[in-house]
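These are the structures, in structure tokens.
The following pair of complexes shares a single chain, chain A, combined with chain B in the former and chain C in the latter.
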Partner chain A sequence: MIDLGQYSVLAALVLALIAAGLGVAAYRTRREDLLLSTRHAVMAAAFFTSLACLGIIYAFVVGDYQMEYIWGNSDRDMPLFYRLGALWGGQSGSILFWGWLLAMYSTGVAIRHRKDDLRLMAPAYVTLMTVLAFFLAIVNFASNPFRRGAFVQPDGVGLNPLLQHPAMVIHPPCLYMGLIGFTVPFAIAVGALVSGQLGNEWMKKARFWALVAWLFLGVGNILGGMWAYQELGWGGYWAWDPVENAAFMPWLAATAFVHSVMIQERKQMLRIWNMVLILVTFNLTVFGTFITRSGMISSVHSFAQSAVGYWFAGFLIVSAAFSIVMIAIRAKDLRSQHHLDSFFSRESTFLLNNLILLGGAFAVLWGTVSPMVIEGIRGVRISLGPPFFNQIMVPVGLALLLLMGVGPLVPWRRANWASMRRTFLIPTVLGIVAVAILYFMGVAHAYALVTFSFCAFVLWTIISEFHRGIRARRSSSGENPIKALGQLFVKGQRRYGGYIIHLGVVVIFIGFAGAAFNKQAETTLKPGETWNFRDYQLTYRGLRVENTPSVESVAADVLLEENQQPQAILLPRKDWYRKNKQLASEVAIHSTLGSDLYVILASFEDATEEASLKLYWNPLVSWYWIGGIVMVIGGILVLLPLNRRRTPIGA
Partner chain B sequence: MKTWKRNGLMALLGIGLVLAISAGTCVARAADIPTLEKELINPCPNCGGMPLAGSYCGGAAEAKAKIRTLAAAGKTDQEILDAFVAEYGEWILVTPPRRGFNLMAWFLPLLGIVIGSGGLALFLRRARGGTGNRSESPRPPAPEPAADPSRNRYREILRRELGEI
Partner chain C sequence: MNSEEPTKSSARSGRARFLIGFLIVLAAVGVLVFRGARNAMVYYIAVSGLLAKPLNDDLDGLRVRGVVVPGSIDRQELVLKFKLTDGTESIPVTYRGVIPDTFGEDGEVVVEGAMTQAGFEASFLMAKCPSKYEAEMDGEGGPPPASKPA
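Presenting the complex of A and B:
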């Protein structure tokens, strides 16, 4: 198995290089048959990368502990589910997995764009295969998961217990799908830059892949939050950790891209800008990978760091330099006629959206690297924690939220003041009424009030857009409301799918606002004692000890009642992983739509069975996850090939 | 009427700003341990520099115990923070003291946004045809030239989409 794996990764590397070479030849000679060979070589490289991944999975399943990677990331007691996840649980496996995803994306490109212009696609394949060759070179020469250990181990040491969580099996692939996915629009952009095919063609192709990657990255970030919330035990889901930031920055830049391409489509404006956005997004993903892998910035994700950081530093320099040079060469050809009819138009709101998104991305970038820069200047180590980011990003987020409501109300080209007054009146009043009601209900947190008010505003905008759309369809075709709604998603796929994504964002912001009211408390209880917290009664009924060969776990048995009504039995616990010699806390969460009750077993006394509990009351957290699901639904509605039906079959 | 509307909007913005500022300033430093735990980084070298408040490893427990000891000894918030800085260095603070080069952290994002806004304003002005003096009030809608067939189509689509409102 080891030999097969090693040959596979080597074969994949050679094939990626051959594919890149064929792509260059195809571009030079403009020969379609060479492009066909390129696409076949892409698929062959993908085949061998897949084989290597299957090899690792097989080794995990059968427990081939002569491989260091298998030994270091699994053990005999691990459930099959987590053994699959162990493929990306460690450094070398995750890089191979990363390469595999890129190979799959490349195959997708080779299939989806099989009939597309050679001049655009040949350089795109060359770019994709160069990036793939880079990852496979790391796998082959720097961090090979198929490396044999010094001697055969009887059993593995197990996966880092923090990573043994269901979200951890889905979160990294999602995140990787997002981060690596931006290689595709980048490659297509490079195709456009190299060949000079700078019209809308590249942008339309790139947009699809950018949306796919954007969706995965968004979901990956939310799942990461879910993992942090349930596994790290500090009561929150986002801590502005460098690695979180690394995945958030490209998402912001990509969000700017998926919006500003609409301007190019409609007005032929912003051609340089869109090109720059996609290059920036890609380079931010490379930068993110670099800071994650190099361990240059300390982070809770430090399990992924190692010396391969230098490889990524080199890659980052090359790709950034290449991007800048290409833009500089093509700047003249990309220049477009800019014309705005009015400052007060949909176009302007899009530009403002881009400014705020990129400003936010820049602030996060700077917040992530400035401790290093300042340390370089002053020679004193400093930290830049969550309060810094909240200070800057909360206003940024609120501005974006408001813009999300304002944008759709402002017509393209030019707004008419009188009609604007009409369209803005109801949502503005609604927003103010929402604030008033909440204020008199006792909500006194300024940011939270502003958030709820903006949410009401945006919600009204979205609903009225659907209402208008349905009414227009009904009056023109006499459809029933349900059918009309369905047809909106088919005919105005991107627009109405986009509104669903916006709806998800609104729901997410409601979840954010809830965090303003978080409460926490801690106490130490003897068995039988009851703790009153708000409307809750927590009765501690003693410790429960459970032993398995690999884990010793101690749980506090807590009966949760709300207003004297039994709600749940909470079992916050501490797990001692014998093999890794690691202690992990498992929180107990009682989640409802209104709030989460989040209980941690902070410590306990063996003799007296006294338990110290830490409790977080987190209002509206569920809304964050629900908003994420709504966003995914919206994203799928945008991406589904619904419009194909429009092509007349009988024609 | 128009000015009334705009004044109302400005007033709203003003209120929002005041609320935002007061939200920022009214959280004066309370002499409580939870706040201190939020303002300090977990000094444990293996735990990746998260705030102390959410950390439960051995190192975090020691640091928390130290806060309690110092608080019990009658130290003020600032004295406790200073004691931690003296022992570990500035990085133990979740955000560094706002002076000297540390200000760069806050200054640069603001500068970025200012430059970005300036760039956007410049772009809008150029795209609008060089007349930047009407930046606030949009012109009353010019009568649509009916001769342009593409515009007619546009209006047709618009009418269809809007329905009979």
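Presenting the complex of A and C:
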């Protein structure tokens, strides 16, 4: 198995290089048959990368502990589900896995764009295969998961218990799908830059793949938050950790891109800007990978420091330099002749949205790298924690939220002040009424009130857009409201799917606002004692000890009542993993739509059975997860091939 | 933007307005970053550097990194006391809250908080796991199987 894997990664590397070479030849000779060969070589490289991944999975399943990677990331007691996840649980396996995802994306490109312009696609394949070759070179020469250990081990050390969580099996692939996915729009952009095919063609192809990657990256980030929330035990889901930031920055830049392409489509404007955005997004993903893998920035997520960091540093320098040079060469051809008609128009709201998104991305970038910069210049080590990011990103987020409501109300080209007053009247009043009601209900937090008010505004905008769309369809075709709604998603797929994504964002912001009211408390209880916290009564009923061959687990048995009504039995616990000699606390969460009650067993006394509990009361957290689901639904509505009469140029 | 004239303004003045708008947004983000950095900056300091500072200095918002002195850990319910050393000198640390799972003797920790007469009052404690998610495999430390023969 080891040999098969070794040969597979080598074959895949060679094929990726061959595909890149064929792509160059196809571009230079303009020969379609060479482009066909390129596409076949892409698929062959994908086949061998898949074979290598299957080899690792097989080794995990049968427990081939002569491979260091298998030994270091699994053991015989691990459930199959987690053994599959162990493929990307460690450094070398995850790099192979990245390569595999890129190979799959490349195959997708080779199929979806099989009939597309050679001049655009040949350089795109070359780019994709160069990046793939880079990952496979690391796998072959720097961090090889097929490496044999010094001894044949009877059993593995197991996966870090913190990583044994369902979200941890899904979160990394989603995140990687997002991060590596931006290679595709980048490759298509390179195709446009190299060939000079700088019209809307490249942008429409790139947009599809950028949306796919954007969706995965968003979901990956939310799932990562879910893992942190349930597993790390500090009561929150986002900590502005450098690795979280690394995945968040490209998401912000890509969000700007998926909005600004609409301006290019309508007005032939912002052509340089869109090109720059997609190059920036890709380079931010490379930068993020670099800081995560190099161990340069200390973070809870850091992989072991390793030479792989240098590989990514080199890659980042090459890709950034290449991007800058290509933009410089093509800047003249990308300049647009059109100008905005009016300062007060839909176009300006898009520009503002882009500017704020990029401003946010660079603020996060600054917060992430400035500790290093300052250490380099002044020799003092500093750190910028969550307060720094929250101070910036809360206003940035709120501005974006408001724009989401304002944008659709402002007409294209030029807004008429009198009609604007009419359209804005109802949502503005609605927002103010929402603030007034909540204030009299006792909500007295400025940011939270503003958030709820903006949410009401945006919600009204979304509903009225659907209302208008349905009314228009009914009057023109006499459809019933349900059918009209369905047809909106078919005919105006991107627009109305986009509104569903916006709806998800509104729901997410409601979840964010809840965090303004978080409370925490801690206490030590003897068995039988009851703790009153707000409307809750927590009765501690003693310790429960459970032993399995691999884990020794101690749980505090807590009966949760709300207003004297029994709600749940909470079992926050501490697990001792014998083999890893590692302690892992497992929190207990009682989650409702209104709030989460989040209980940690901080410590316990064996003799007296006294238990110290830490409790977080987190209002509206569920809305964050629900909003994430709504966003996914919206994203799928945008991407699904609903409109079958779609022309190759796109609807 | 309240004085939008219905008459067509020239491209030049339109562009100037956009430029002003852009500058306003940039300035706003800039101010936020600058203010945020000033308020939220936390200084890393070594144990001996901390002891060298006079106590009346501004000793809030510090991050101290060091190693837990073996045998110095005293846990009582939710209060944790231990000594933190950088190899030469050590300070007493008091921390109230949930102790990270990876906290232990000889382990590397980062505490954040303020220095007082009684010692370091930590509001935040981060314990670094010696092998984070994976043992060091690519470094010069040698492959882990050698250190744990069957």
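The rule is short, and it goes like this: the second predicted complex is superposed on the first by the 641 of 651 C-alpha atoms of A that agree within 3 Å, B and C clash if a C-alpha of one lies under 4 Å from a C-alpha of the other, contacts with A are read in each partner's own complex, and residues count from 1 in each chain.
Just so we're on the same page, a contact is a pair of C-beta atoms (placed from the backbone, for glycine too) under 8 Å apart; a residue touches a chain by one contact, two chains touch by 3 or more.
Being a predicted model, the structure only gives us computed values, none of them experimental.
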With both complexes superposed on chain A, which partner does A:383 reach: first (chain B), second (chain C), both or neither?
both
Taking the superposition as given, does A:233 touch the first partner, chain B, the second, chain C, both, or neither?
both
Now for A:421: first (chain B), second (chain C), both, or neither, which partner does it touch?
first
Between chain B (first) and chain C (second), which, if any, makes contact with A:71: first, second, both or neither?
second
Once the shared chain is lined up, is A:476 touching chain B (first), chain C (second), both, or neither of them?
first
May I ask you to decide whether A:370 touches chain B, chain C, both, or neither, giving the answer as first, second, both or neither?
both
Look at A:586 in the shared chain and tell me whether it touches chain B only, chain C only, both, or neither; answer first, second, both or neither.
neither
Of the two partner chains, chain B (first) and chain C (second), which one does A:344 touch, if any: first, second, both, or neither?
both
With the two structures laid over each other on chain A, which partner does A:465 touch: chain B (first), chain C (second), both, or neither?
neither
Show which residues of chain A both chain B and chain C reach, each in its own complex.
233-234, 298, 300-302, 339-340, 342-344, 348, 351-352, 355, 359, 362-363, 366-367, 370, 380-385, 387-388, 391-392, 395, 415-417, 583, 585, 600, 602-603, 614
Which residues of chain A touch chain C in the complex?
68, 71-73, 89-92, 142-143, 147, 149-154, 157, 160, 162-163, 233-234, 298, 300-308, 339-340, 342-344, 348, 351-352, 355-356, 359-360, 362-363, 366-367, 370, 380-385, 387-389, 391-392, 395-396, 415-417, 522, 524, 574, 582-585, 600, 602-603, 610, 612, 614
In their shared complex, chain B is touched by residues of chain A numbered 232-236, 239, 241, 269, 298-302, 338-340, 342-344, 348, 351-352, 355, 358-359, 362-363, 366-367, 370-371, 373-374, 377-378, 380-388, 391-392, 395, 414-417, 421, 432, 445-447, 449-450, 468-469, 471-472, 475-476, 520, 583, 585, 600, 602-603, 614
Once bound in the complex, which stretches of chain B touch chain A?
2, 5, 12, 16, 19-20, 22-24, 34, 38, 41, 47-51, 53-57, 61, 89-96, 100-102, 104-106, 108-109, 112-113, 116-117, 120, 123-124, 126-129, 134-135, 137-141, 160-165
State the interface residues of chain C toward chain A in the complex, per the touch definition above.
1-2, 4, 6, 11, 14-15, 17-18, 21-22, 25-26, 28-29, 32-33, 35-37, 39-45, 63, 75, 77-78, 97-99, 101-102, 112, 128, 131-139, 143-146, 148-150
